[in-house]
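In the two complexes that follow, chain A is the common piece, with chain B as its partner first and chain C second.
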Partner chain A sequence: MEYAIFFVFAAIAVVFALLVVLHRNPVVGALSLVASFFALAVMYVLLEAPFLAALQIIVYAGAIMVLFLFVIMLLNLQHMAEPATRPVQQFLSYTSSAAFAIGLIYYLLKYAVFEALPSGFFAADARTVGIRMFEAYVFPFEMVSILLLAAIVGALTLSGRMTGSREKVPAPEQPGVEAR
Partner chain B sequence: MIPTHYFLILSAILFTIGVMGVLTRKNGITIFMCIELMVNAVNLTFLAYARQFHDVHGVIFVFFIMAIAAAEAAVGLAIFISLFHHRDTIDVDEANLMHW
Partner chain C sequence: MAFDLTDILLSILKIAIILGIWLNVTPIMVWVERRGSALIQDRPGPNRVGPLGLLQSFADALKFIMKEDIIPAKAHKWLYTLAPTFGLLPAITTIAVVPWGRSFTIPEMHLFGRTLFEGGRWFNPIVADVSAGILVIFALASLGVYGITIAGWASANKYAMFGAIRASAQMISYELSLTLAAVSVLLVAGSLRLTEVVAQQTNYYFVLFDFIKLPAWNVLSPAMWLSFIVFTVSAFAETNRLPFDFAEAEAELVAGYHTEYSSMKFALFFMAEYMAMATMSALITTLYLGGWDIPWYNEPATFLGFLLSFAAFLVKMGFLLFVFVWVRWTIPRLKYDILMRLGWKVFLPMAFINIVIVAAFIAARWI
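Presenting the complex of A and B:
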């Protein structure tokens, strides 16, 4: 039963990840990535980390991908034709990533096959994670909050809301006439 | 209980799909989504090893990676909005100058 769940959701994750790469429309890509993240959340439940599965759905599928969708729709990208990749680049990319995958899986099967899981109960639920985090990782936790604050300021500055650098039109020739 | 290397191989496949997308696509936001896919593949590896070695530290690492991915998404998308306002495209081949 567990294996059936694993293989079904692994197939879902891989198929939707491929759809992200192969589909030309970025809206379809973003929605496929949401589906892939949901399948990965199932993987996290199978790995006995229900807290992170919830975070995966709330933070990734709920917040980050909605941000992506907002930006795609804000820029109106779904009608913009993406120029085709050069054939030589496409050939080199596919062959090199296939070689990378084959090498990675070969070495995983050679060195990373463990005999058995250690016995004993292990569950990374919210309580366990929280206790361990505030024992040993209080300082990185606070640093992450500062990083998020810096990201907010950086995003506001870059998108030009604060400096007014969104103006693409040049300044008018007549002096004394305001552009806005 | 599913063995750990099943998850590791799934993670390797997802990471490779992300690499393939970064190498082949030209739309900046799609490339960014492929990077998110690679980050998630690494998260899966962290959790698989955390269960294998009964160590909560791997889970805490994934928590921090998620927070940093959120910050990265905010700043990266702001960069693409800024690029779109200057260039009217987010084709990464067009963005080959350090200034405009």
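Presenting the complex of A and C:
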């Protein structure tokens, strides 16, 4: 039963991950990534870690991909598919990614250990994750929050909404309206 | 995980019960909405089809099915067809982790001398009692924004696109306040499981002379009032209901993200809206109004106790659903910038302040 669920959702994850790369329309690509994340969350549930599964969907599918999709949609209002690339580009991209894939498979076959994890290995409920995060890993946690704060301040500065740069944007000239 | 055929059958039964209720929420709520708005606006409302117009919803459904299903020429056909499903999916699935009654032991059942059902089995009226509990709801609810965004984009219509952009910005903003408001409740319950959130609320705050008792419902605790307000208002924003229905704002955007939709595809959006309302009502009931708890009554762990608690849950949920309708026809639509300012500068700080208040209450052992 669990094997059946695993293979079905593994197949879904792989198919949609391929669709992300291969589909010409970026919006379809972004949505495929969401579907792939969702299939990945099912893997966490199978590993008896529903907390991680929920976090996976909240953070990646619910927050990050919504913003990605948002930007792609605003830039791509005409439902444009990407134009076909030149043969040289295609050759280069296919060979390089094939080389990377072969290297990855070789490395996995040589070094990876395929062994069943002890049951309850991923038993990461909210309590354990919270205690770990605020005791053992409190320094990296705070560092990440400072990094995010810096990113927020940076984004605000770049968008010109800080108090320092509040000069008025000149109104665009309208045809037929005399300047006063 | 060990389970046998009976467990699977019981799970299917639970899913059938809750899904049956959730699918019927839409026709009933459409009737309540139309009659309720008529009541508020002092006019008769639909009263021709069936007694009190009760069969109006069936007539509407029939009309939906008979209408032509139009796909605009410039629409993205696949995503245009997929979008209503995306919108409906979270509304249907999130209810799985909400408990809707007191758990009880199933008695032994006999039919013609044969044991039909061996007793002693614990029936927990919740589809999936996962440890991540409420996080599953927030995870699936956060996917609801895709339905609206894709619908707006795939329609290739500028009004639909405006509606989609507004809706996604609004839903992302209010999701934060919604989640943070719920944190206060989880702090008191000490668990993410909604069954334990309800179990904690079946107690009493203080007992005076053995008969003056205050139920430990979160809404009755002064530490929770901010959180309750933030959660309820954010629930209105999350379900895109008036006064926050900027996704469709018919005065400005024709019909918003579903401008181009017709026939059953439109009906699916309609169903998604009402089911999301029902889910939010169930969630507010569970988090703040004591879930299935009947105050001043100790439900026995029998089938009767289950039925009574289930009825209490439905009554509370029904009242909140009526509040949704009531507010829609009473309060006018806000301005969009006010909505965003309210979300980020009022409700988000309020939710944070409430977490601190609740933490202080817990530290002082008042809760």
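FYI, the second predicted complex is superposed on the first by the 137 of 180 C-alpha atoms of A that agree within 3 Å, B and C clash if a C-alpha of one lies under 4 Å from a C-alpha of the other, contacts with A are read in each partner's own complex, and residues count from 1 in each chain.
What we mean here is this: contacts are C-beta pairs under 8 Å (C-beta built on N, C-alpha and C of every residue); 3 or more make two chains touch, one makes a residue touch a chain.
No experiment lies behind these values; they were computed from the predicted model shown.
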Side-by-side fit of chain B and chain C on chain A, or clash: fit
Greater residue coverage of chain A in the superposed arrangement, chain B or chain C: B
Touching partner for A:97 - first (chain B), second (chain C), both, neither: first
Chain B versus chain C as contact partner of A:132, first or second or both or neither: first
Touched partner set for A:47, first chain B, second chain C, both or neither: first
Contacts of A:154 with chain B and chain C, given as first, second, both or neither: first
Touching partner for A:74 - first (chain B), second (chain C), both, neither: both
Which of chain B and chain C A:27 touches, first, second, both or neither: second
First (chain B), second (chain C), both or neither touched by A:57: second
Which of chain B and chain C A:89 touches, first, second, both or neither: first
Closest Cα approach, chain C to chain B, once both complexes are overlaid on chain A (Å): 12
Chain B and chain C contact sites that coincide on chain A, given as residue numbers: 51, 55, 63, 67, 74, 77
Residues of chain A touching chain C in the complex: 25, 27-28, 31, 34, 41, 50-51, 53-55, 57-58, 61-63, 66-67, 69-70, 73-74, 77, 79, 125-126
In the complex with chain B, residue positions of chain A that touch it: 2-3, 6, 10, 13-14, 17-18, 20-21, 26, 29-30, 33, 36-37, 40, 43-44, 46-49, 51-52, 55-56, 59-60, 63-64, 67-68, 71-72, 74-75, 77, 80, 82-83, 85, 89-90, 92-94, 96-98, 100-101, 104-105, 108-109, 112-114, 117-118, 120, 122, 124, 128-129, 132-133, 136-137, 140, 144, 147-148, 150-152, 154-160, 166, 168
Complex contact set, residues of chain C against chain A: 74, 76, 78-79, 130-132, 135-136, 138-140, 142-143, 145-146, 149-150, 153-154, 156, 161, 164-165, 168, 172, 175, 192
Footprint of chain A on chain B - complex, ascending: 1-10, 12-21, 23-27, 29-30, 32-34, 36-37, 40, 43-44, 47-48, 50-54, 56-57, 59-60, 62-64, 66-75, 77-82, 84-86, 89-91, 93
